[in-house]
Amino acid sequence: MKTPVLAINFKVYNTSFGQKAVDIAKAGEKAAKEYGIEVIVIPPATELRRIASEVSIPVFAQHADPYDFGAYTGWLPIAALKEMNIKGVLVNHSEHRLRLDEIVAIVEAAKKHGLETLVCADTPIAAAAVAAIKPTALAVEPPELIGTGIAVSKAKPEIITNTVQKVREVNKDVIILTGAGISTAEDVEAAIRLGTAGVLVASAIMKAQNPEKVINDMAMAAAKAYRK
Amino acid sequence: MKTPVLAINFKVYNTSFGQKAVDIAKAGEKAAKEYGIEVIVIPPATELRRIASEVSIPVFAQHADPYDFGAYTGWLPIAALKEMNIKGVLVNHSEHRLRLDEIVAIVEAAKKHGLETLVCADTPIAAAAVAAIKPTALAVEPPELIGTGIAVSKAKPEIITNTVQKVREVNKDVIILTGAGISTAEDVEAAIRLGTAGVLVASAIMKAQNPEKVINDMAMAAAKAYRK
Amino acid sequence: MKTPVLAINFKVYNTSFGQKAVDIAKAGEKAAKEYGIEVIVIPPATELRRIASEVSIPVFAQHADPYDFGAYTGWLPIAALKEMNIKGVLVNHSEHRLRLDEIVAIVEAAKKHGLETLVCADTPIAAAAVAAIKPTALAVEPPELIGTGIAVSKAKPEIITNTVQKVREVNKDVIILTGAGISTAEDVEAAIRLGTAGVLVASAIMKAQNPEKVINDMAMAAAKAYRK
Amino acid sequence: MKTPVLAINFKVYNTSFGQKAVDIAKAGEKAAKEYGIEVIVIPPATELRRIASEVSIPVFAQHADPYDFGAYTGWLPIAALKEMNIKGVLVNHSEHRLRLDEIVAIVEAAKKHGLETLVCADTPIAAAAVAAIKPTALAVEPPELIGTGIAVSKAKPEIITNTVQKVREVNKDVIILTGAGISTAEDVEAAIRLGTAGVLVASAIMKAQNPEKVINDMAMAAAKAYRK
């Protein structure tokens, strides 16, 4: 994973499926090229194969299970992702919390299959625990910023800086993203200024009137803030 | 859902993905036409869109969540299936057990979105409970037949007939399938002779040397047994 | 289980533990004798042994697991309840939903160990499914009445009567309780008048200034309404 | 928590309830006094109150939920443990795995209520993650030692020493116990010699012909090995 990162969690909005999802992924690809940053698109399971065949930027799954191929009806084995050109997996999102042993197993299975991992954590302590598991990246979702409408750019900066510090005590290498409170390009800039290497963003893009413009603006802000 | 039914649970074997999965779905389509029976293919989430675009027989999901479009990272809302031409959803498989309230919510959501449901149950009592929820179909997986290598054609017939009787006390309309102990065309014939309207089968097809032949033989057996 | 029933779910309020819990259980015992009805007390796991040794009315667990004695750290095997004189178990409360196969296993295990079961269900369809599992009793918790402050005595009566009808189509014997919307003795009277055999009640007693008086009034109302 | 530690997980065997459980707890109390070590007894929820009133050594719960008092039917709020003189809680046992966010919430809630925590982890990486959450103690259960009949005293010593090293990189203070492969006093001695501060043991005591003797021998071995 390169830095800075603009990771787009498509969730499962109506814009997350079909042609609209492809268009958003292509806008991500365009912005990645234009600004030289890492744009990661994270569509629903049903869209993975199609989107991975249409864009050259990294496509991640929103979840995968730490299984090899086998008798696991309704689950998505990590082993299956490689063939369809998926580069990584998002894990433990606040809408999809996992057991500790599952997170460990998924990160280990992903490593075995050559996939990257982006693991979410809601508190500084949970982030430190995740850091000890050594995923490729982690996204901190401070409760103060989740769904409260508080922009990271306006929240007290110590929310993010404290988390970064706790993570770094445990792991010097993991890429840290800000995973909540990102509504605008200004928030992306703030996230990077506060010591994280980018953002994990969802509704600000997926529910936008003009997702392409939001992606472009956020990518530009990320590139600019990261150079400083 | 027409009867008799040959429902093929692809699970997540290596044959369940990519071109192999498409080939198996097409073999199902061919057999459905040739023998005039209902062949349902149930591939992994990542293959749903592609397979639904390549075959005209019903494609079911292996699982779906009782959500509308929204912020549900890593889940698959039933609301998203319709647009990609998915006809139904398999629910509560022994490898994917659900809470009772979830099963009810999924069956209700499926009805609202015009999708069919095939709900698994492991015991006669669980099957009766499922029957009360009024799904389109249910598959009985008697523990005596799951993973024990006991063919339904050789097991004591009362295992199936007792289950059918308990289900019918609660629901006269639900389509009943035999969901375990199906390895051969002879087992399909036995399942129908014992009063169910077909089978839910997985490894006997997905792990076969020649899946097309197994599908053909099972479809032929189903058509023949059902006419009697 | 006799009828009519006043089942008191202690939940885990601060009044649910220690001497206060014993006092409430004794008030239930007193009311049971005075009005000739079945009062069931359902305290937290930590209070089961003590309360069962201090009152002669039935004591139920708020949950139990379908296990025999064994290596199940942190779970409560049904097999352990009998020795401490527990008479039954509450299952699938809206705060403790279970998988369908777990509900079946618990009801079966309870029968094997000579314990009664009281299974909750939130919708008429879920109630019918539960009825098919043949527990001793079921409590219907219509979403219209849960936590909305709508008293069953003031809600449209068809909410309860429709549920009773759906349950009776599946099971003529199960005792049906009203499990939501019970705040006053008037609500108990309404629950019985609408065709259920009593109530499952929690906060109206556990959070009352004078729990003994609420228990007495509800028991009196139940006895009176049931005689009619 | 003092060291060395002999923590006895009662699980839910038939010896884990009633008078037998009290006798085992009293044997633990006797050994604690005789050898000057920390013996912790961890009985089922139903036995907590009684055992905590009969012994002066620390009594832990086998599980608790990160709740305050409230409407949580069938769960055990940490808030309720203090009043009944429980000193701590066992968390994330291999038979009771929890979500990462739950483990964090339980450890935080325990701290708030003045309770200690003993968190299990199955792999060195999971143990490091747990260490980052800063519980009072953690028990490592190397898969190589769980249920395989391999005594830690005979397994390759690096299994334990590697885990200890990974934990210490993250947390210098947490008390580390060996949580698998403990059948004899010799295993206790090995666990301490390999750098852990004691053991978490279950069946070797709970299923013994003479639990008092096993407790005595293990406590003596712990005291002796720890002094060296």
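All chains are identified by letter, namely A, B, C and D, in their written order; residue positions are counted from 1 within each chain.
Just so we're on the same page, a residue touches a chain if its C-beta (ideal position, glycine included) is under 8 Å from a C-beta of that chain, and two chains touch if they have at least 3 such contacts.
Just so it is clear, the structure is predicted and the values come from calculations on it, not from any experiment.
J.: Which chains sit in contact with both members of the pair chain A and chain B?
T.: none
J.: Measuring between Cα centroids, which chain is at the maximum distance from chain A?
T.: Result for the farthest chain: C.
J.: Could you work out how far the Cα centre of chain A sits from that of chain C, in whole Å?
T.: About 45 Å separates the centre of chain A from that of chain C.
J.: Using mean C-alpha positions as chain centres, tell me how far chain A is from chain D in Å, no decimals.
T.: 37
J.: Residues touching two or more other chains, restricted to chain A: which are they?
T.: none
J.: Following the definition at the start, I'd like every touching pair of chains, please.
T.: Touching chain pairs, listed by label, come out as A-B, A-D, B-C, C-D.
J.: Which positions of chain A touch chain B when the two form their complex?
T.: Listed in rising order, the residues are 9, 11-14, 16-18, 44-50, 61-63, 67, 69-77, 79-80, 83-84, 90, 93-96, 202-203.
J.: So in the complex, the part of chain A that touches chain D is made up of which residues?
T.: Against chain D, chain A makes touches at 92, 97-101, 103-104, 107-108, 121-123, 125-126, 128-134, 170.
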